[in-house]
Amino acid sequence: MPWLQRSTLGLIAAGLTLGLFLSPPDYQQGDSVRIMYVHVPAAWMALFCYTAMAGASAAALVWRHALAHVAARATAPIGASFTFIALASGSLWGKPMWGTWWVWDARLTSMLVLFFLYLGYIVLAGAFDDRERAQKSAAVLAIVGFVNVPIIKFSVDWWNTLHQPASVLKIDGPSIDPSMLAPLLLMAIGFATYYFWVLAIRMQDEIMAGKIRALRLRRAESEAGDRSS
Amino acid sequence: MTPFQAFLSMGGYAGYVWPSFAIAALALGALLFASLRSRKATAAELDALETQAGEEASET
Amino acid sequence: MRRTLLILRRDLRLALRQGSDSFAAVMFFVMAVALFPFGVGPEPNMLARIGSGILWVTALMASMLALERLFQNDYDDGSLELLALAPLPLEAVVIAKIAAHWIATALPLIAAAPVLALLLHAPAEILAPLALALLLGTPTISLLGAVGAALIIGSRRGGVLLSLLVLPLAIPVLIFGVGAVEAALMGLPARPYFLVLAAFLLAALPLCPWAAAAAIRQALE
Amino acid sequence: MTRFTGDDVACVRGERTVFFGLSFQLGAGELLLLTGPNGSGKSTLLRLMAGLSRPIGGRIQWDGEDIAAEPERHRSRLQYVGHADAVKPQLSVKENLGFWASLARDGVSPGAAIEDALAAFGMEALRDMPSRFLSAGQRRRLALARILVAPAALWLLDEPAASLDDAAVQALDHALQSHGANGGIAVVSTHIGLAGETATRARVLDLTPARARPVVGTLA
């Protein structure tokens, strides 16, 4: 765990210094391209977390593995945060380029839908009193959602080309030259280690909560047992 | 316009670059902080329950 | 197959006798569409331009409204576990219930849509493509909604939850449904849109009942 | 010849181990009474026997074949009555029963079977009454009549005698006897004793001792 913490902080610090200080501004977008060093890794992580969530859910349902449920449930808020960051930074990046805060660009729109899928999962996971029901229900939703992500992406792309606003610059900007690639990768790996770090914390939390519930149940039953005997 | 101020202005895009980094830092920081705090609280609760269960075991 | 039709007939009889759910959905559809002119203004060619979008979005939400209790009633009175124990696959039971729901609710919606389109000054030539697009699209929405309805069985915030879960998944149907109508409006060939809608339906037909049955099984555990 | 067996069955619901190491052997014509306080897992065991849920450990077999291996075949040989009566208020008594009868039977018209089942539980007078006017006892009798409309080798009844009057309990006794007479197996859970002759010849499986403590730290 501590090495996760150190590598996350180290990677992100390196990524930031390179991204903000050393890498050159873009010839068209100027310094606003630096938003890419947050936006693109966050977008990658948003998709990575949803895939991880669906994978863990499938493993949990097929092999009835409780830990996989815990992993999926712990991943959801992290994925949702990355999606939110991707949306916010995408909008902030879009403003100087297209003059409006929100553009129904194909990628941003798909990211918005992914954000709704995350919210749906989180709310469903919390909508049942019985924890086991909540886990299994949310797991089925994660898988159904995952199957739909490519279909939604396909439809949004088609829909976007249909109503193509005069967007001159695509969101990911010109081809990335090496000096920009390094900070981008550093930030991406830094975000990934952040994910595993917070995942570990949330899973430990969930496992301990499981123990607490078991102890509480035993106390309630032994009390009932004492009363009836 | 000292180099530091030039850096801060981000070629005129300061209003967009800094907020996006700030939002990222805030979101990730808040999630981390909330997770750490919740884990600490759960750990404390678990210890309390376990010590209590331990005492009862020793009494009976 | 006989048993599937049996369940379909029973659900239809229940829907007709009790009627409230599907009638409420159609009334919601009519009222929601009628609200838009008050919001965006009565100006005819503005309404005509966004008419098909309004019709599709409100039809989508109306069917969510009706789908919310698709399994909940049977779950509450114990029929769902008996249906799960009946000598036919649970997927067949799900298909029967979805079909009954679609006939009782989506068909009236489709019947009402052309009338409402006129309310929105929509040109007459979009009425046929609109009806066909709805005919192809609403079954997929009912199939997706059934998965959502199965997932929320026994949950606390059922209704609101169903829309949050299913509407993002229904976006492709919405995009190509409205696309078909607008293509017809502009005189472009609408066939590709209908083919994509049919493709979604053919994909949803096997997958959604399977997912819904899985969700029901773990709800009954 | 034992047909319906369970060995070392274990079940966990939520984070609670409901029971483990539970076994039973039932031959043709036998009746098993499940007793024990509420929450001791009677309903859970019946649902496991019906195949609604799968045990965490152990196996339940019919004629040596695990019931989870051929779920549809197992489902077609059993009749299950849960706590709820599965009665639709908008349908009449005959329509309710007719639906379940034709669902369970293979195509042959269930007319006669419905009449006999209604008569067995004294419901024939209420044949065309919409079910929303039925009392709790009448609804329960309608639910029990369902087990008579289609031949089933295995009856799983969860507290069938709940809200039944004496006459109805007699009818249930009679039904259980004739079911046992022609080789049927029945598992009945009840926390109030079943009166009459059935109780004497029934074998009893008390779930109280088998109730396990939840194992600390399980994540299931």
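Chains: A, B, C and D, in written order; residue numbering restarts at 1 for each.
Note that in this section contacts are C-beta pairs under 8 Å (C-beta built on N, C-alpha and C of every residue); 3 or more make two chains touch, one makes a residue touch a chain.
Just so it is clear, the model here is predicted, and its values are computed rather than measured.
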item	value
A-B or C-D, whichever has more C-beta pairs in contact	A-B
Nearest-to-centre chain - CA centroid comparison	C
Distance-maximising chain from chain B - centres being C-alpha averages	D
Distance between chain centroids, defined by C-alpha means - chain A, chain D (Å)	47
Computed distance of Cα centres, chain B from chain A, in Å	16
Distance from the mean Cα position of chain D to that of chain C, given in whole angstrom	37
Gap in Å, rounded to a whole number, between the CA centres of chain C and chain A	30
Residues of chain C touching at least two other chains	221
Two or more partner chains touched - positions in chain A	211, 215, 218
For chain D, residues that touch 2 or more chains besides their own	none
Touch list for chain C against partner chain D, complex	2-3, 6-7, 10, 13-14, 17-18, 76-79, 81-82, 84-89, 220-221
Sites on chain D touched by chain C in the complex	47, 50-54, 72, 75-76, 78, 80, 82-88, 90-91, 95, 99-100, 102-104, 107
Parts of chain A lying in touch with chain C, wherever the complex brings them together	61, 113, 116-117, 119-120, 123-124, 127-129, 133, 136-137, 140-141, 143-145, 147-148, 151-152, 154-156, 158-159, 162
Chain B residues touching chain A - in the complex, by the definition given at the top	7, 10-13, 16-17, 19-21, 23-24, 27-28, 31-32, 35-36, 38-39, 42-43, 45-46, 49-50, 53
In the complex with chain B, residue positions of chain A that touch it	16, 20-21, 25, 30-32, 34-35, 38-39, 42, 77-78, 81, 84-85, 88-89, 92-93, 95-96, 194, 197-198, 201-202, 204-205, 208-209, 211-212, 215-216, 218-219
